[in-house]
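The same subunit A turns up in both complexes below, where it pairs with subunit B and then with subunit C.
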Partner chain A sequence: MRKVPALILLAVLLAFPLVVRDHYYQHLMILVLMWVVIGSGWNIIAGYTGQVSFGDAAFFGTGAYTAGLFASKLGISPWWGMVFGGVTAMAVAFPFGWITFRLRGAYFALATLALNEVMRHVATIWESLTDGMVGILIIQTFVSKVPYYYIALGLAVVSVLSIQIIMGSRWGYYFLSIREDQDAAESLGVDTHYYKMVSLNVAAFLTGMAGALFMNYMGFIDPEVVFSLHDISIMAILVGIVGGVGTIYGPVVGAFVMVAVHEFFRTGFFGFFKGLAAITGSDAINVFARYVSQAHVLGFGILVVLVILLLPNGIVGDWNKIVSKLSPFKK
Partner chain B sequence: MEVFLQTLVSGILKGGLYSLIGIGMTLIMGVMGIINLAHGQLMMVAMYVTFVCFQYLGIDPYISLLVSMPALFFLGMAIQKFTLNPLMEVESILPENQVLMTVGIGMVLTEIARFIFTSDYKSVNTKYSNATFFIGEISFSVALTIAFFIAILFTVLMFWFLVKTDLGRSIRATAQDKDAALLMGINSKRITTMTFGIGSALVAAAGTLLMPIYYLFPDIGGPFTRKAFVITILGGLGSTVGAIFGGITLGLAEAFGATYIGMAFDDLVGLLIFILVLLFLPGGFKRLTKI
Partner chain C sequence: MSFFEVQHLVKYFGGLAAVNDVSFEVKQGEIFGLIGPNGSGKTTMFNMISSYHHPTSGGVFFKDREITGLKTYKICHLGVARTFQVVKPLGRMTVEDNVIAAAFSRVKSKHQARDVALEILDFCGLAHRKDVLAKSLSIGERKRLEITRAMATRPQLLLLDETAAGLNPAEVDQAIELIKKIRENGTTIIIVEHIMKVIMTISDRIHAINFGQTIAEGNPQEVANNKKVIEAYLGEEYAQD
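Then we have the complex of A and B:
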C-alpha cells in the first residue's frame, strides 16, 4: 500500500507536460527533476553514509563537461554524455575518495570543498581543452521542452528507485552503520573505506548524469555555472536538508520546494508586487517590487537560515512534527 | 635572485595578514568544532565598515580598526548567540547543520552588502596606498608592511590573551574538552559566543588592514573563506601557532605560484598544497610543533 502515493505522483508527473503547455512551468519542472537526481546523489553519500559533501558541483561539472566536450571536440552526440558523464564523474570520485576517506568529519567536508574549487580552476585554466571562461556552446537536439522533460523524469525515477533498492540491500545497512558509528561498524567487520567508496561513486555517477542532462538541456556551460559552489554544491545540500536527510523521498520534496522558492524570490513573488503596482499605480510599490527582485538571493539566504533553525531534519524527516504543529486537535 | 627575494618578501607580508584571518578561523574551529564558512563574508563586512568610515566620515583606515573590530565583535556574538547556539540543542542526523548555517549567514551578509552598496568595485585611496620604500633592490609596499606589523601585534596579543587571562584559559579548555570544561564550571555557551566574537574581530582587523591596498565588492568574501580554511587545515584544526605557519605558507605559495607559474594559478597552488597536506600530514603543521 505504501507504493500508492508514489504511483500517483508518477502518474501526475507523466501527465504534467500534456496538461501544462506553458514553457516556463515545463522548464521549472525539468529543473526540479534534475535536482531530484542531484539531491538523491547527495543524500546517499551525506544523508545515508554520513559523509557530508560540499563539492557536488565537481561531479556535476565533470558530467556536464564530458557531454559538452563530446559534442564540441569529438563531434558525437552529447547524449552519449548521459552515460559517460556519470563514468567520468566516477573517475574523479574514485581517486578522490580513495585518498580522502581516511579523513573524517570536518576534514572530509573541507576536502570536498577543495575538490570543487580545484575542478573549477582546472576547467578555467585548461583552455586548450575546455575553452576556459568562454564556455561550451552546443546546439540543442530538441526545440520542444517535452522530450527533455521525459528524459529528466526517467533519470529522476531511476535515481530514486536505485536509492530505494540500494538502501533495501546489504549495502544500505552498511552505509547506515557507517553513519551511526564508524568505529563500531569497522569492529563488526564492515570494510568502511570500501563502502564509503561505493557510496561516493554511486553519488558521483548520479550527479554526473544530471550534469550531462544539464549540458544537453541548457546548451551552454562555463566553469562558473557548473562548478559553482553556491548554485550547485550548496543548492544540492539544501535540497537534501530541506527535503529530509536520509529519506528516500526527501530529495523529491526538497527539489520541488527549493526550485519553487528560488523562482518565487527571483521573480518577486511571481510578479505579485509588480501586478499590485500596476493595479494601484503606486510608485512606492513599484520601487518596492524592484527591490524585492533585486534582493532575491537575500530572501533565499534568510530562508536557508530559517529552515535549518526550524526544520533540522527536513520536511519529510520532521513531517510528524509539522503535522502535530498544524493540526487543530492537539493531543 | 632579486625576483626571488622580492617574491619572498611579498609572500611573507601577505602571509602575515593571512595568519590573522587564519587565527580567527582556527579559534572558532577549535572551540565550536565547526568550520565557519562565513569567515570571509565577515571580513567583507569589516571592509565595508572601513570603506564607509573613510568615504563618509573621513576616518583613516588604521584608526577605523577601532570601529570595525568592535562592530564585528558584536556581530559575531549575535550570530553565535541567535543562530548557532540554538542549533546545538536540536537533534538532527547530521552534525553539519551548523556549517550549513554559516553558509546561509554568509549568503545573507553578501546580499545585504550588495543591496546597500551594489556590486560596484570600491576602494579606499589613501596617501600611502601606492607608496613604497626600498631596502637594497627590494621594494616594500608601505601599507602592506604596516599591515604586517599590526597583524604581528594582534597575534602576539592574542597569544598573551589565550595563555595568561582567565577567559583565554576557558577558551582553551573548551577547545580541548567541552564536557570536562563544563564540569569545571565554565559556561560553554558564553565561551562559544565570546570566541565567535573574537574570531570575527580578528578577521575584521585583517579586512581593515587590507583595505588601503585592495579593492572591495560584495562577493569578495568567498575567496577569503577558502583561503581561511586552507590556512586552518595547513596549520591543523584549532592550533593558533599552526595558523601563523599556515598563513605564511599560503602567502609564500601564492606569491611564488604567481611569479613562477602564472597569475591564473595562484589560487590553485594554495589548493594543491591543501590537498598535499591532507595526504601527507593530515594533522597539519600542528603535528610538527605539538603546540
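Then we have the complex of A and C:
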C-alpha cells in the first residue's frame, strides 16, 4: 500500500516535461531532482547515522570539478564525471572520515564545516588545475532541458531506492544503532568507525554525482558556486530537516519545498515587489525588492526556526500531525 | 585450559587506582558474582574486560586467548557480551529492531536476524513489547532489553552490570529466573550486583573487591561470613567474630 503514492509520484514526474513545456519550470524541476539526490546523501550520514555534516559542498564541488576538469583538461566527455565525480568525492571523504570520525557530535560537525572551506580554498588557489575564480566553462551536451531532466530523475530514483535498500539491510540497522548510542552499538558488535565510514562514503558518492550532474547541466562552475557554504551545505541540511530527518521520502519533500522557497526569495516573492514597484512607480520598493531577493539566507533561517518549532520531525516525519491539524473533521 | 581469566588487572585514572591488581578465573558454565561497595571498581573491571577502558597493566584472557586491548566490537564477536549499568536502549528504534541490530553480529541476512531476534525476545520474555519504541519502555523492561540484546549476539560469556538495580521485588524475582535460564542454556555469567538476594541466590562463586583490591573469594556462604567483607560493607565494629 505504501508503494502506491510513490508510484503515482514517479508517474507524474515521468510525464512532467512532456506536459509542462515551459523551460523555467523544467529548470526548477531539474534542480528539485538534484536536491533529492543531495538531500538523500545528507540524510544517510546525518539523518540515519547521526553524524551531522555541515560540509556537503565539499563532495558536491569535488564531483562538479571532476566532471568539469574531465572535459576542460582531458577532453573526455563530462558525463564520465557522473561516475568518477562520485568516486573522487569518496576519495575526499575517505581520509577525512578516517581522521575525523574519532570526533563525536558537534566536533565532527565542525570538522565537516572546515572541510567545506578547505576544499573551496583549494579550488580557488590551485589555479594551474582549476583556473581558480575564473571557473570552468564547458559546452553543454544538449540544448533541450528534457534529457537533463530524465537523467536527474534517474539519479534521484536510484538514490531514493538505494537508501531504501540500505536501510532495510544490516548497514541500515548499524547506522541507526550508531545514531542512537555509539557505546551500545560497539557492545553489540558494530565496528562504529568502519560503518560511519561506509555511511559517509555512500553520502559522498551520491553528492558527488549530483555535483557532476550540476556541471553538465549548468555548463559553468566556479568555487563560490559549487563549494558554497550557504547555497549547498546549508541548503542540504535544510532539505533534510524540512522534509524529515531519517525518513526515506523526507529529502524528496524537502527538495520541493526548499527549491520553491529559494526561488520565492530569488524572484522577490515571485515578482510581487517588482510588480508593486511598477504600479506605484516607487524606487524604494524596487530597491527593497533587490534586498529581498538577496535575503534568501535570512529566509532560510526563519524557515528552520519555524520547522523546528512546529514540525521537529519534518514534513514527512510529522505527516500525521499535519493531517490531524488540517483535517476539518476533528474528533 | 581456563575459560576466562583476568590477571593482575590495574587501572589508574590519573593518580587514583580504581582497580589495583585484581586476578580471578571463571569456569565455563558457572555464575560468578563480583561484589563490592560503591566505587570499589566493579564497573571499571567490566569496562576493561569489554575494552571500553584499557588496563594500565595486566591481562584479560578468554579461552586461552589474550583479549586485552582488542576493539570492543571484536570482543563481542569473540563471544563476550555485556549489559550496561546505566541502560543504553537504542531509543528511537523498536524493541525488535534493537535486538535485530544485535543479531546481525552473527548472521548476515535480515531474514535470519529477525528469526534470531524473535527467538531471543521470546526466550527473555520481551516478545509482547517488540513493536514499541525502546525509549518508551519502563526501567525494568529496559534492563531486560539490555540482556535480550546481549543474548542476541550469542555470547559464551555474559557480563551483567547491576541488572536488578532499580527493579521492584516482583521484577527482581523475574530477573533471577531469567539469569538462571540463561545459565541453563549454557552461557557463563559474570554478574555485578548490589542486591544481596540476587547475588547470594544465584552465584556459584563470589569475588569481593574493595578500593580496587581483592578482599575475598569463595562460595556465597564463605564470602558472606568473611570478616573483611563484613568490614567493607558494615564497618569495623560489626566485623567481630
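By our rule, the second predicted complex is superposed on the first by the 301 of 331 C-alpha atoms of A that agree within 3 Å, B and C clash if a C-alpha of one lies under 4 Å from a C-alpha of the other, contacts with A are read in each partner's own complex, and residues count from 1 in each chain.
The rule is simple: a contact is a pair of C-beta atoms (placed from the backbone, for glycine too) under 8 Å apart; a residue touches a chain by one contact, two chains touch by 3 or more.
Note that the structure is a prediction, hence the values are computed from the model and not measured.
Aligning the two structures on subunit A places subunit B and subunit C side by side, free of any clash.
In the superposed model, A:100 lies in contact with subunit B only, and not with subunit C. Legend: residue contacts after superposition of the two complexes on their common chain; A:189 is shown touching subunit C, with no touch to subunit B. When the shared chain is aligned, no partner comes close enough to touch A:239: not subunit B, not subunit C.
When the two complexes are superposed, the chain touching more residues of subunit A, out of subunit B and subunit C, is B. When the shared chain is aligned, subunit B comes close enough to touch A:313, but subunit C does not. When the two complexes are overlaid on their common chain A, residue A:169 makes contact with subunit C while staying clear of subunit B. Looking at the shared chain after the overlay, A:221 reaches neither subunit B nor subunit C. When the shared chain is aligned, no partner comes close enough to touch A:253: not subunit B, not subunit C.
Of all Cα pairs spanning subunit B and subunit C in the superposition, the closest are 8 Å apart.
Contacts of subunit A with subunit B, set against its contacts with subunit C after fitting on chain A, overlap at residues 179. Of all the residues in subunit A, the ones that touch subunit B in their complex are 46-47, 50, 52, 99-100, 102-103, 105-107, 109-111, 113-114, 117-118, 121-122, 124-125, 179, 229-230, 234, 237-238, 241, 245-246, 291, 294-295, 297-298, 300-302, 304-305, 308-309, 312-313, 317. Touching subunit A in their complex are the following residues of subunit B: 29, 33-35, 83, 86-87, 90-97, 99-101, 103-105, 107-108, 110-112, 114-115, 222, 226, 229-230, 233, 237, 264-265, 267-268, 271-272, 274-275, 278-279, 282.
Taken in their complex, subunit A has these residues touching subunit C: 168-170, 173-174, 176-177, 179-181, 183-192. Partner subunit A is touched in their complex by these residues of subunit C: 50, 52, 71-73, 76-77, 81-82, 84, 88-93, 97-98, 100-102, 104-105, 108, 110, 113, 149-150, 152-153.
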